[in-house]
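Here subunit A shows up in two complexes: once beside subunit B, once beside subunit C.
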Partner chain A sequence: MFDFSYRFQWAQAMRHLPRMLEGALVTLEIAILSLVVGIAIAVLLAVARDSKYIWLRAPATAWVEVARNTPALFQIYMAHFGLGSFGIYLSPYTALLAGIAFNNAGYLAETFRGALRAIPETQTRAGRSLGMGQAQTFRLIVMPQMFRVAFLPTTNQMVWAILMTSLGVTVGMATDLTGIVQNLNARTFRTFELFAIAAVLYYLIAKTVMLGAQLIAWRLFRY
Partner chain B sequence: MKHTYVLAAALGLSLAAGAAQADKLDDIISSGVLRCAVTLDFPPMGSRDDNNAPIGFDVDYCNDLAEALGVRAEIVDTPFPDRIPALVSGRADIGVASTSDTLERAKTVGFSIPYFAFTNVVLTRDDTGIEAFEDLQGRNVGSVAGVFEALALEEQMDEWGGGTFRPYQSQADVFLALSQGQIEATVVTSTVASAIVESGNFPNLVIGSEAPFGIDYVGIIAMRQEYGLINYLNLFVNQQVRTGRYAELYEKWLGGATPPDLTVRGVYY
Partner chain C sequence: MIEIEKVYKSFGKLEVLKGIDLTVNKGEVVSIIGGSGSGKSTLLTCINGLEPIQSGRIRIDQTEVHARSTDLNKLRRKIGIVFQQFNAFPHLSVLDNVTLALRKVLGMSRREAEEIAVKQLEHVGLGDKLKVYPSRLSGGQQQRMAIARALAMSPKYMLFDEVTSALDPLLVGEVLDTLKMLAEEGMTMICVTHEMGFARDVSKRVAFFHQGVMAEIAPPDQLFGAPQHPETQKFLSKVR
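Then we have the complex of A and B:
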């Protein structure tokens, strides 16, 4: 039963909005960086998984399997405490970024592989017959089409990446939105007000990123 | 006859009004259960024994209170950040969870008079060369998110500039980070520090000097408007000291030295 004698004090929580917005910027920064890194690695993984060489296929498959079938929380925790036990110290920021990028790469690799399957083999052959090299064909003919096919599922992963940044608190992340809200909560005990504002901010960040992605898509994918 | 009806009606009305005004203290007594939010990741105040049963100073304190009220105690395991949600959502009636009584927090939640007091010490590894509190300047330090010493340490690090402060989710994570080398030192309550060093789980940890944060008084928390309950809690805390039970519990869980004085000289609470 919720105790309705609790009075919401929004003004008390709103005083801290500037700090929360600073945190939102850090969250946005980590999400975007993790996507850029994730997409770059995912393209390599997608190609490697369909390679005829086992030494390319095996590590790529292992990466995708681990990234997709273990919790993101575990991946981030391992980047910080797991590597830490081998004397490799990633700061909370780096560990969070690495964990999410690792996760993004695993998921997006499969998305891209699916998209590659949707592009007819004749496209490659047409490119090659025009005198393009193998890499050139992939870069100029296949990859742009792959991104177009994979665009919508990729935006899913974008939103997911933003929400995953909130797992940073498990490795001592203090400067992102969740980290800052947690600190404010401890100081003021205005849990409900602060978390409600944070939820709205996460929604707005996700919407902003989606809008940005759509603008990029509109610029890139027109015929 | 007519009088009887009027009287009965008046009695009925007053009973109904009485029921509507029943406060939390009445609710606890009539439900027969006192639900205490206790943080079970904070030995020796709260932790779990080998059979996973809650034990610790705070647990015993809750049991004593339940006994005084003539009800059964129920321990609700509550991490530090969840203490207020636990109260407001009605999962717990009170919080016996070493809650520092800051003025900022008292705007949201009601505090009893202090039932315990902590002092804080520097805890570090034997290879960092850290001894005094001032040695923490420019270092990587960490603590449990949201506890008194974490807030104080973070403020001090901000003031010094340089170095980083990392808030971890649990005391266990802080010790893990410290023993691995992710952070170089932490500031913890002296009770936790001696408990962890004595446990032998982290042989490379050593206790440095005291942290100049002042005495960290902690109170029992309840919904702010439950004056009846908070009044009762105040008297209960007083009685615990008066009857010697406070000293007894201190001896049982912390041992050795005399229990900390819960009064502040020269002023009434």
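Then we have the complex of A and C:
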């Protein structure tokens, strides 16, 4: 039945908290970078997917399809081991970042594309009528409104990006929260305590990022 | 001078403009009236090059709008257009709605742009709404903001597309007064309108559109007093 011989030793596990906090910072860093890169690419993909040129549409569609319909783990694996077959060797850190950014871009591209549909064509016409170019009108008039429409679904992807970083351990990532906990666990066997603390830290990172996003939204979307 | 010569325009198979000829001289106000779907809005969007045309030509101060070599972004600086739906930029304050193109198109500094914008907004009675977002404005106020936004670019020509038709009757007056003021200042304008009183008062000529054709054009006294074309007579008898 149950084995009650496991003794909780929280004090011992808590001694490792500083190391874990360092790992949490790395996790936060990867999440934020992957979001910034992912959002930038997603905007381009969203536009490209509705382009009249097939040579823009096709690769963008392929990206979105792969990102959304294959496991995130597989995407990170490909970034690390797969690209190696082409002579491109990414460190675990870069591979993890690239894999998550790839995933973020694919999901957010669809979110943004939906948001673009919600912005009336007349906004573009009004911008062009004032003498603004096509790119300028998109950047100054359409895109800001798109971000507002897409804000809530985007925050889902933010949380998802944070949690995905834990997959880095599969490509040898050792400095993020999961990597560090994994190592500590191998040495101390305080499995439950360590992973429980890590879970709380992930929760706090997610809340921090959400709070940050909300502050930005509050500052940006006053209308 | 705006010169429109034998302009044909189709959306797919639907022929919307069937050989429009119209010349608008400097300082002249021409109103366009006509039934729904007769092509009035389409003509305005052809004039500023938002819509391509199938044949014919439109020239503005000798520049052919639809020539490949024409820099439309530059040409549009001289042509202000105000749409039926106000098309305020919802994410920008009233002031920023007006300064945006001044800064990004004409390259003005924020200070220069704001000086002009404030003047234009005061001119249309919105001097106390600078920091407000468009969603907090009434329809009439949004429409006046759109007018100020276009005028801030100091265009030589203004195109107005039924700028009062989305407004409730109480607000129509304030917007029409703004247009009258402009006409008195000597602005060259084409006004698509359903306001016959306005067309009669401010225009030098009134054009009647019917199914993509300019059936009749004449000074207001003549067009309203003694319309020649049977369709004009029919239309006027209905709207009165």
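Keep in mind that, in the parts below, the second predicted complex is superposed on the first by the 221 of 223 C-alpha atoms of A that agree within 3 Å, B and C clash if a C-alpha of one lies under 4 Å from a C-alpha of the other, contacts with A are read in each partner's own complex, and residues count from 1 in each chain.
In the analysis below, a residue touches a chain if its C-beta (ideal position, glycine included) is under 8 Å from a C-beta of that chain, and two chains touch if they have at least 3 such contacts.
Not measured: the values here are computed from a predicted model.
With the C-alpha superposition on subunit A as described, subunit C and subunit B fit side by side in the combined arrangement. Contact with neither subunit B nor subunit C is seen for A:Asn69 once the two complexes are overlaid on the shared chain.
In the superposition on chain A, A:Thr188 contacts subunit B only, with no contact to subunit C.
The partner that reaches more residues of subunit A, of the two candidates subunit B and subunit C, is B.
Of the two partner chains placed by superposition, only subunit C is touched by A:Pro144; subunit B is not. Centred on subunit A, the angle reaching out to subunit B and subunit C in the chain A superposition, using CA centres, is 170 degrees in steps of 10.
In the superposition on chain A, contact is made by A:Arg128 with subunit C only, not with subunit B.
By the touch criterion defined above, A:Ser91 reaches subunit B but does not reach subunit C. In the superposition on chain A, contact is made by A:Ala174 with subunit B only, not with subunit C.
Subunit B and subunit C never share a C-alpha pair closer than 48 Å once the two structures are laid over each other.
Residue overlap on subunit A between its contacts with subunit B in one complex and with subunit C in the other: absent. Note for the complex: subunit C touches subunit A at residues 45, 48, 50, 73-74, 76-77, 79-81, 83, 85, 87, 89-92, 100-101, 104-105, 133-135, 146, 149-150, 153. Partner subunit A is touched in their complex by these residues of subunit B: 80-81, 83-85, 87-90, 102, 104-105, 107-109, 142, 145-147, 150-151, 154, 164-169, 173, 176-177, 180-182, 223, 225. Across the interface of their complex, subunit C is touched by residues 122-123, 125-133, 136, 140-141, 144-145, 148, 221-223 of subunit A. Subunit A contributes residues 1-3, 5-6, 9, 12, 80-81, 84-85, 87, 89, 91-92, 169-174, 179, 182-183, 185-192 to its touches with subunit B in the complex.
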